[in-house]
Amino acid sequence: MLAEIKGLNEECGVFAVWGHKEAAQIAYYGLHSLQHRGQEGAGIAVTDGDALSIHKGLGLVTEAFKEGEIDQLHGHAAIGHVRYATAGGGGLVNCQPLLFRSHTGSESLAVAHNGNLVNANEVKHQLESQGSIFQSTSDTEVLAHLIKRSVYPNLEDKFKNALSMLKGAYAFTVLTEDKLLIAQDPQGMRPLSIGRLGEAYVVASETCAFDVIGAEYVREVQPGEIVTIDDEGIRSILFSNASQRALCSMEYIYLSRPDSNLDQINVHSARKQLGKQLAKEAPVEADIVTGVPESSISAAIGYAEQAGIPYELGLIKNRYVGRTFIKPSQELREQGVKMKLSAVRGVVEGKRVVMVDDSIVRGTTSRRIVRLLKDAGALEVHVRISSPPITHPCFYGIDTSTKEELIAATHSIEEMREQMGADSLTFLSTDGMLEGINHGGKDSACGRCMACFTGEYPTEIYQDTLHPHDKAVKS
Amino acid sequence: MLAEIKGLNEECGVFAVWGHKEAAQIAYYGLHSLQHRGQEGAGIAVTDGDALSIHKGLGLVTEAFKEGEIDQLHGHAAIGHVRYATAGGGGLVNCQPLLFRSHTGSESLAVAHNGNLVNANEVKHQLESQGSIFQSTSDTEVLAHLIKRSVYPNLEDKFKNALSMLKGAYAFTVLTEDKLLIAQDPQGMRPLSIGRLGEAYVVASETCAFDVIGAEYVREVQPGEIVTIDDEGIRSILFSNASQRALCSMEYIYLSRPDSNLDQINVHSARKQLGKQLAKEAPVEADIVTGVPESSISAAIGYAEQAGIPYELGLIKNRYVGRTFIKPSQELREQGVKMKLSAVRGVVEGKRVVMVDDSIVRGTTSRRIVRLLKDAGALEVHVRISSPPITHPCFYGIDTSTKEELIAATHSIEEMREQMGADSLTFLSTDGMLEGINHGGKDSACGRCMACFTGEYPTEIYQDTLHPHDKAVKS
Amino acid sequence: MLAEIKGLNEECGVFAVWGHKEAAQIAYYGLHSLQHRGQEGAGIAVTDGDALSIHKGLGLVTEAFKEGEIDQLHGHAAIGHVRYATAGGGGLVNCQPLLFRSHTGSESLAVAHNGNLVNANEVKHQLESQGSIFQSTSDTEVLAHLIKRSVYPNLEDKFKNALSMLKGAYAFTVLTEDKLLIAQDPQGMRPLSIGRLGEAYVVASETCAFDVIGAEYVREVQPGEIVTIDDEGIRSILFSNASQRALCSMEYIYLSRPDSNLDQINVHSARKQLGKQLAKEAPVEADIVTGVPESSISAAIGYAEQAGIPYELGLIKNRYVGRTFIKPSQELREQGVKMKLSAVRGVVEGKRVVMVDDSIVRGTTSRRIVRLLKDAGALEVHVRISSPPITHPCFYGIDTSTKEELIAATHSIEEMREQMGADSLTFLSTDGMLEGINHGGKDSACGRCMACFTGEYPTEIYQDTLHPHDKAVKS
Amino acid sequence: MLAEIKGLNEECGVFAVWGHKEAAQIAYYGLHSLQHRGQEGAGIAVTDGDALSIHKGLGLVTEAFKEGEIDQLHGHAAIGHVRYATAGGGGLVNCQPLLFRSHTGSESLAVAHNGNLVNANEVKHQLESQGSIFQSTSDTEVLAHLIKRSVYPNLEDKFKNALSMLKGAYAFTVLTEDKLLIAQDPQGMRPLSIGRLGEAYVVASETCAFDVIGAEYVREVQPGEIVTIDDEGIRSILFSNASQRALCSMEYIYLSRPDSNLDQINVHSARKQLGKQLAKEAPVEADIVTGVPESSISAAIGYAEQAGIPYELGLIKNRYVGRTFIKPSQELREQGVKMKLSAVRGVVEGKRVVMVDDSIVRGTTSRRIVRLLKDAGALEVHVRISSPPITHPCFYGIDTSTKEELIAATHSIEEMREQMGADSLTFLSTDGMLEGINHGGKDSACGRCMACFTGEYPTEIYQDTLHPHDKAVKS
């Protein structure tokens, strides 16, 4: 399904590099490959050993950094961030990395973060009562305050101390003049991997960033692990008795790039397995299988292969749709002007179609696509979803809707089928999903967070988290 | 293969509408769906019955037209154009439509054109000797001069007279204050279809434009046909004893959008047939089939289906690559930084891969992709091309390279295979190509131009055409 | 008075250079100094001996040419143009130079023009009836057609022949691969001077362009003179029995830059003389003299000096007002928000003020400024205009209003005074104006065009000229 | 002298409004009139009673705020800021107002500031040791931290408490959800005035902002005064036993707009008096007087009037010079290409010229201008400076150079004269300067800061202040 339609979006991607003389450039290309995780803004902070420099900008990585701006970021280490536009937020002030300067200029701190803290408001309240002031609405600022206020003498201990007060899902990267620190939450909910590029170390939200820069994958950052990289090399501590990993299953289903590996499981392969599993659970007599571009293509291929039905390009996405697009008038929309997605009449006309999609959030897009297919002459449209119904909101950094907006939370499957005008509708089972994801993997013992399907959240949830926008300051 | 790498590109797309009160908006969305045919510039001319207005701009349709600029184009009829950047040319002066004004303001002429005239220089020479002056380097200006100088009293006759002096491939749209004229060359080399949108008529280079605006397909413009649309309706004449149609086969293989129909043959389906045919002609033992995104996906699906080998996403294109991209330094490129295309290690590692591509021009891209796959761990790479070797340049509007640059014109297939480091390399036969294209069609009697594969050009070729850039004025 | 308020604007400036290896750069700086003559667009065409290149853009010179774009214009000779936005016109298509290409690429023609032809429509009519077609609405295109159609064998003769058919005011610059031609109309209505920059020749609408590039003034182009510059040097012919020169007097009064010399008379000095003359003709008892910035400053200084009254900055212009300015709402305007011009309360409060302005077109601005001064506490405001009442429209390239809009054409001076709320109002006499302009000059025998004050037009006027906008094609 | 050349620049301007339903628009126009005080960035924060909103941008006010962006700032009160680009600093992060959010969203704080704190680093050090972290390098952030950490229960007391810890020159504006606070340092070094606009209150760095929006001047903010404006009206306290006022004399000489009044003395009038005083102290036999545009025009008029020598426009500034300007190559510069300032040959040729300038910092510009005049034919150039020699750096918010760069700190007047190639050079005496400034005023008892001329700083100076850039973090 299309990210811009769905309201189901990753909230960020992080990248870090240590020990490369063109650190900022490496970060630029790394972030570029993580662009699907956030398009609102991008930033890179570097250190040359003496001082931190930073550049941030709105828009895509290629828009935030103009020719020449990368060259002004000198240094051998960098952290970078791509940001997804959350409701209400926005503007450069919330773009990351955030840079906190000390008046001496030698103990500055840059922080970039992917995830969501569930007790951020509680901690902010406490910090404010002690005199701290906040300039952004992001969780990231909380971490910096906790580090600065920690009484421990060295940075790793301060960091460990700060993390011990935070609950939720996170992948943190922290850069000082002479150190790179990275950390993952105790449940390991957000992906974060370590790689090598010659002598340099690289860290990224997804392994596709390693391929793009020619780096080799080394390992995942472990749940509850702090990794420190500096001139003396790399070292690691665990700051929490790690529970079993609960990596976000939506990363496999929808969010990550198909060429990334998560816990050493290739995302495309996992999706294809989900599609095969779906074909086993929910077969149907049909002429063609088609996937909703781009994220459902792999599952559709798997469904087709398992079912022995030809896989076809029944839906096509216009790759030139961008933000500067002039919207059609209401009248033209009613006449049928549509810009983002087309059904391929020559393919679907007169056919019984299996339409594979990865997930359903509000259900409006599915309705629109079923109609596109029927208008193009499809005889029957059988909707197959390669994940279970989403019935609970996510508090760990995925921008799903509120519970009231989640169609599967308030409707039966038959009601949903009727609403979308499909001839049949089936979701993958939760067991089928786990089977599908782990089938392709070398390490099938890894747990997954399935909270949005089951309501079983891997951490406690705070009152403030449940109504996160009530107190949001306009910005 | 990637358009931007290959040097094999469509030179334009045209769109026209008559009888719709939001003609300019309709043209905007129509052109947007033809964006793949040209990204250098876009323009729309409209008439409100009294006068012509025009707006043109550089870049994508969404860049050439900013919010509000469409609204200033009032009228019930419009023609539009997307332009591909040809070598050396460029700038707004060559963007179309071209508008020719009369001093009275009531016999103006706007012209938009897709194709290439092979006797343009001969005709220009003649016109200049009679006092005509030219402001652009485009063929389009020649047509306007011929029309204006024609002694016939009415516009259709002037147009017919003008066309009778021109040789080559063309799809012309001409707009005056009160008439829309369209014409196709006697061989019907470039695609051009007519549709209906309620009471309005629409004309487009590809039928995908009809789907986007909700119009219905009516028919193809015939080879050697002039169609006139005005307040009295639609009428048609043939200005040439049409020979058998010779529609460009590269439109099926590579250029058109998969959701378009050409001569009522769906492009995706034709490509899939080409892939199937290729699997029949050139089978190989392998583990997976992958296509070079985006144009070779359909052929790869067909190959996989026919061969019974799983189809996988072994290659992935970064969809955020744009023009403002900062190029990696030579050093980083050598380290392996690559931005446009990635091989999916998790898919291809340890596999024997069939890599399907639609065509080979210079061969450099194929070499790069074979290397990507091998670097990602592919055991074997078998390259399968879903068209015959390109051995001759095109003079009809496709920007292929000169003969010297066409690798298949100067190398044997074995030499090519060795150069690109593939384990095997096979091209589709010309018979197989015809069989593949026509298999999906209702009207398999249609001829195809295969000049770039065979050297059999459907029209005579002029000396000036053979060396078209020798005399190009810098602009 | 402020150009943007007044509706009295120059329609262009031209610049040319021959024999300098950085011709395009020289043209860029020359045009920059002529920026006050036109802000809508700018362009430069160059020749490297073999071919012409061109770049044009909308906006100021600094906007039309971005870093690097100048460097792509290689050649030793260039012509350039800054364009003023005339009503209805606009867009890049009317920006100059216009480039006319020959199909051989070796007899191309670039033309840039300042002025207005009064028989342009008559000639266009004739040319169209012979098969010519026009792409712009500018007069410049007419010249190119006439040159191309001329039967004479060499370019100078063609040019001479073409000019013999044109009536009106003009300063033409024409560039071919190997020649630079310049010409002035037989009455010499628009300014055009020749200078030297080392071995190179330069030509400009105003001599301030010479100062900026470090060139030396040589002489004026004579009325009815064609000057040819090429590798063989400079030569000149007269194509008309020149009548007495009738240089536009408004160039002295308002249009030219104060540091320019026209017919060797410095513009600032002439304006100061006009102010002195005005003080002699229309003395008044007052405390301070102030000028309306920026064009009336010199006249105000002269008035003050002659009258022995202190000259003060009673009015100040906000130098940051630009085109991207957000306009105040009607409500805020009524509350007194004003952005462009402020009265200096600390200077005018409690004072009897002589407010010197250079001219009055519609009278609305004068009314506004008188009110500004009174609101700031001026006891009396005596308006003194350093030119006679404008009672007739200009057909020679100055964008004055139509006769109906010219307040002095329809009102007595007493009515005007009352309308603007001034305590007194006096205009300079025509004799006083001539005396003022020529007083500073070495060559007081030069005639001046005073048509807008007297209705005595130096050329015949055509019917089409009198109603020039009736037939304008929208663009 | 030209701001961009001189290295003597104001570091900011502030504006505030309370009680106007279009507060953001009013702030926009107010800031626009303060644009000369800072061109690097601009920002506006508003409150609607419930929450603060903010928009900031780089560049001029008209660039930082695009059409529509003002409309999104709803509220009845606003503070705004224009920022001057200080060395090294920069980027949006240092643009003001700074917004500090509380997690509850109801005790947020926006701060905008003009001036410079001399103990900022000392206070930062203390705050950091208590756990505060800083995101910008601006002094403004220090104030916010002190307010938040203050133990007093109400905002005014917190503010007063915070100010008591700060030393230096400042004009602060602070906005919360329901209050506007403004304050001036105990010496009153930076200008700050209060006005009324109907029922609304306005505050601005200069009174020209009042004229532009149609507001009436009420009074100056007093040294050491805090003014609070909220729904209950306006009230004031003194937080310091105010010493005699020490308003920056450079505001009169160079920085403020000529139409502003400072301590009820009009700036233009003060400058004219400085010029008259200079003519008394340093007469010379000459033919014309000219001023260096734009800031020295008033002084030149005064000099001319006193001396009885004609005032002329001997130098002219190109008003189209902007930031996007393409710099001439070294070779062209040597040939004499100059873009910003021209000498008017027709005015100065053969004349003995008095060139009045307001001040000399490094002396390089003066040398260039003397040469311009001599190259244009001036027989003699007598430089007269309407202020004393600048011998000491400013620590209160004016961007002068370091002591080593101040030419008058290291050279005798005769050495300076020789370096700049002038025939004579005289500075105004300090007594003459005081006499000149106060001559025009109603309240001549006001003291002035003359530290840059005398080294007598009105406050203590800290070690960190003396070397302010040593520890600057790159940003």
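As written, the chains take the letters A, B, C and D, and residue 1 is the first residue of each chain.
Quick note on the criterion: contacts are C-beta pairs under 8 Å (C-beta built on N, C-alpha and C of every residue); 3 or more make two chains touch, one makes a residue touch a chain.
Since this is a predicted model, take the numbers as computed values, not measurements.
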* **Touching chain A and also chain D, the following chains** => none
* Taking each chain's centre as its mean C-alpha position, how far apart are chain B and chain C in Å? -> 47
* To do: For chain A and chain C, let me know how many angstrom lie between their CA-based centres, rounded off.
  => 60
* Structure fact -> Whole-Å distance, C-alpha centre of chain C to that of chain D, is 37
* Asked: Tell me, which pairs of chains are in touch?
  -> A-B, A-D, B-C, C-D
* Which positions of chain B touch chain C when the two form their complex? -> 51-54, 91-93, 98-105, 108-109, 121, 124-125, 128, 130-137, 144-145, 148-149, 471-475
* Structure fact -> chain B residues touching chain A in their complex are 22, 25-26, 28-29, 32-33, 35-36, 60-63, 65-67, 70, 197-198, 208, 211-214, 257-259, 261, 265-269, 272, 294, 297-298, 301, 305, 310-313, 316, 318-320, 322, 324-326, 328-329, 331-332, 335-339, 342-347, 376, 440
